[in-house]
Amino acid sequence: MVMPACDIPIPKKIKLAVRSYESQKTIIKLNGIEIGGDQVVIMAGPCSVESREQVLEAAIVVKEAGAQILRGGAFKPRTLPYSFQGLGEEGLKLLAEARDETGLPIVTEVMDPSEVELVETYADILQIGTRNMQNFPLLKSVGRADKPVMLKRGMSATINEWLGCAEYILAEGNLDVIMCERGIRTFEQITRNTVDISAAPILHMISHLPVIIDPSHGTGTRSLVGPLAKAGIAAGADGIMVEVHPHPDEALCDGAQSLSPEEFKFFMNDIKPIIGAVNRRL
Amino acid sequence: MVMPACDIPIPKKIKLAVRSYESQKTIIKLNGIEIGGDQVVIMAGPCSVESREQVLEAAIVVKEAGAQILRGGAFKPRTLPYSFQGLGEEGLKLLAEARDETGLPIVTEVMDPSEVELVETYADILQIGTRNMQNFPLLKSVGRADKPVMLKRGMSATINEWLGCAEYILAEGNLDVIMCERGIRTFEQITRNTVDISAAPILHMISHLPVIIDPSHGTGTRSLVGPLAKAGIAAGADGIMVEVHPHPDEALCDGAQSLSPEEFKFFMNDIKPIIGAVNRRL
Amino acid sequence: MVMPACDIPIPKKIKLAVRSYESQKTIIKLNGIEIGGDQVVIMAGPCSVESREQVLEAAIVVKEAGAQILRGGAFKPRTLPYSFQGLGEEGLKLLAEARDETGLPIVTEVMDPSEVELVETYADILQIGTRNMQNFPLLKSVGRADKPVMLKRGMSATINEWLGCAEYILAEGNLDVIMCERGIRTFEQITRNTVDISAAPILHMISHLPVIIDPSHGTGTRSLVGPLAKAGIAAGADGIMVEVHPHPDEALCDGAQSLSPEEFKFFMNDIKPIIGAVNRRL
Amino acid sequence: MVMPACDIPIPKKIKLAVRSYESQKTIIKLNGIEIGGDQVVIMAGPCSVESREQVLEAAIVVKEAGAQILRGGAFKPRTLPYSFQGLGEEGLKLLAEARDETGLPIVTEVMDPSEVELVETYADILQIGTRNMQNFPLLKSVGRADKPVMLKRGMSATINEWLGCAEYILAEGNLDVIMCERGIRTFEQITRNTVDISAAPILHMISHLPVIIDPSHGTGTRSLVGPLAKAGIAAGADGIMVEVHPHPDEALCDGAQSLSPEEFKFFMNDIKPIIGAVNRRL
């Protein structure tokens, strides 16, 4: 009885992000949480910070249900300039307040190299969004920051290209990079994107970096968030990022994929047996 | 604590394959096995039947490791006319002999409407391959057969188109249709295809038909078969189809994605905790 | 001043469909028309044969506007079993009548290996549809027919896979194969498919077979048929297949992409300067 | 004889980039050149500026062959941090010197919002690369610049998303936006990308902005640059961007798709009849 040997080629020109550089998995320690270790880390919260009440309510809800990290967007990349663009620094302050209230570390997106310094004064993890995966000045900028970086996969990026982007961050000296699979673009119409679950085991074989799955953006569909989260955990993901909104029907963005507080409690309960089955813990 | 309600629209023009026609899941009973019920059904065996020794050895191996159904191709769709095209009827006879030896029912592909009658005298489940998903004369032909049909998703088919193909079979009177997700084509290069795990929960929400995941063709990579199988089971798949070859390095086709007997034993052991975690059984 | 040398690798395992087998372009002669020669051949007509009046009216219209071949479907592959499936042999007879009336040769689809003999008694060119590109029994069957075969590219087929399918036909002895690019599936939503114009020059470099572009299925949009036809001709296509319906708004299928008689006249006029610019003729 | 009416829906939430805002085509005047008018504008030059000799030689070659604009990268977005990243400001100075020498205006990429001011002191057109299509801070920044912007389509962007990005620039007050189709990602392996020729007629129907086709990046294959350029012009493109290198085999990037000087002369000669056929001029 043997496990199949790794048969995926390690990209040759990548030096730091690959297993040949670091055979042990990278574990990112944050406030008692270990991303990439035994834990399955749940990052939950609203798509965007909309108001003090909304973000505090969301933070308390996700904390009580067992999430370890609070997510929330202050700078929002939107398809059109006329859509809500986020509260900016005001949103960062509200996130920090929610952290003070709940003790949950914060992950939030940064979009502009010149704003990295500002965002890292508030955030615990800097998120690079899918549209900015190959925004190299931004990657270099967060590579010089003192906070871990969560790098989302580009909508049509290959895994090797994505690792090349992690390399940009690592090469600047920031070794705390988390990879986040958030779905790739296909012809399928029911889902907003197609979650490439194979990204988790592939990255674990050829890289030492932790991998998070985001089934909210990956499917765009509330009822699919749970099943895809379970799939990701079963395939070895180190965590799940999930959108939770106190009142999804009133959300300024991504309401259709956000779980309500009651749905998020169900979600947390639903994933527990799978977490146990892969010998991990929340 | 509530589960999110189904928010995926049921395709309006499909009558028989959808939940509005049949709210209970279809369970296909076969030789004491229930596909679509509590069991997670494992269909295992070689890509193609190559010889009496090979198929018997494979059948015994997969039976002993706990598989419930034997897979093997007698008619093989190959990219080029010069590749091994399968043993034809001789292959069907060898499969039947393996069934006699082990008691495992057989699933095998049929490619030509005029051969359906021949194949169903040997096979327990008729497989429609990905290249023939929209081969409508073939679908009508198996729709008139007395054996269950496993319908693989086309390489670039949407889920609604795939259900439309199931409808062709159901409309001819054959109600025993199994859907098999085998990966879709994307730009990713590491994997042969991208397994769309969301197909399982989506189909379970909008259709009553059982769903099988095929991580062997879905990834084309031996070391990914286990992780993707676990992902599929966690997301609710009713079974897994997996290629096993007594000697993968000598396989006439798909050796790179076939598990060895020892690897298959590991696989069967590896998926058990996930099966338990979703309250199902082998 | 030099033309760039061919830098596209010829697929090694393909023997007959490639330039290394036949350095001269294949020219298929049919009723005074030369497909693959100096002419740009226009195949026009309705998606499906609906009635005697419709097909005769369409045939006269396209003939008068300058088309050289009449297209029309008698056996229609449809996404659902409840859609109009074509008139079958009755449709073939009406096509033959339209040929008698106008002198235009007929191209029509065959879907079932057992119907090839029937279809070739009526048709001048046998069409293999996109859904059947890798229907190998069907390819072998038309490979034994006495009529030229037009092989549509599969919706997500690579060019090398498509050539492999041509090889199936050639290997059975039928050397008159026409390749038809009809659009591939992408994430773009405005068009039904994305016409891969590069297919024409690529095939001309690595193969000797004629290439037709089908902008009607390729775009699914009436106003794009002309621009994409001109693009195809400019890139070296040997012909264009275009849907024309006497009354598009009443069409039983594909009305949205069918040109009206007046629009088809405009189309024929519009492509002429491009045909001249590449030193070809209608 | 009538042209089919526009049957492509104008995206409702886009205000400035659409035909309903401006029914006349936008014409961008630059140094006697009119982009979006009768001319077909050729932008040619090396992928990246490598040295004084290289860029001057390239500029003279493309000028003599008839190109109207010089392209060349000073800031290069590369998949890995270890690849040549461009000469930076030194590269901009060399481009300006080449402009002084030849009179050709310069188009060059800007990647960082904080560098827009620097780049526009040298460049005549600011290019936004495919990886930065949805880099919204960058779009806003060039939207406040005084130079025209050429916006490349993202590798997997829909046309409506791409127009949304143009809207970001227009909304900041910069009305001189040029759209550049550079190929989208598909499963096809022979070409680096698939040029979506339909983008040109679609944009012309629903938007007033000029459209350029880039067959060099679109195909990644030297021998396909000419055929795809001709296709683009035939479909109505307002110009072509093409990579030309004095010595393609020594190029620091994209040598495989760069034309040599002799090949570029052939190219310019080859496209002339098509330009005439669509009633335009160089």
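Note that the chains take the letters A, B, C and D in the order they are written out, and that residue 1 is the start of every chain.
Quick note on the criterion: contacts are C-beta pairs under 8 Å (C-beta built on N, C-alpha and C of every residue); 3 or more make two chains touch, one makes a residue touch a chain.
Since we're looking at a predicted model, the values are computed, not measured.
> List the interface residue numbers of chain C and of chain D, divide the shared ones by all numbers used, and answer same when the ratio is over half, different when under half.
The interface is built from the same residue numbers on each side, given that over half of them are used by both copies.
> Which chain has its C-alpha centroid at the greatest distance from the C-alpha centroid of chain B?
D
> Can you work out the whole-Å distance between the CA centroids of chain A and chain D?
A distance of 34 Å separates the two centres.
> Between chain C and chain D, what is the gap in Å from one C-alpha centre to the other?
Going by mean C-alpha positions, chain C sits 33 Å from chain D.
> Just how far, in Å, is the C-alpha centre of chain D from the one of chain B?
That pair's centroid distance is 47 Å.
> Taking each residue of chain C in turn, which ones touch at least two of the other chains?
Where chain C meets two or more other chains at a single residue, that happens at 156, 185-187.
> Under the stated contact criterion, what part of chain C meets chain D in this complex?
1-8, 156, 158-160, 184, 186-191, 194-198, 200-202, 205, 219, 221-228, 230-236, 256, 259-260, 262-263, 265-266, 269-270, 273-274, 276-278
> In the complex of these two chains, what residues of chain B are touching chain D?
Those residues of chain B that touch chain D are 185-187.
> If we count contacts the way the header does, which residues on chain A are in touch with chain D in the complex?
Residues 13-15, 77-82, 111-115, 131-138, 154-156, 161, 164, 167-168, 171, 185 of chain A touch chain D in their complex.
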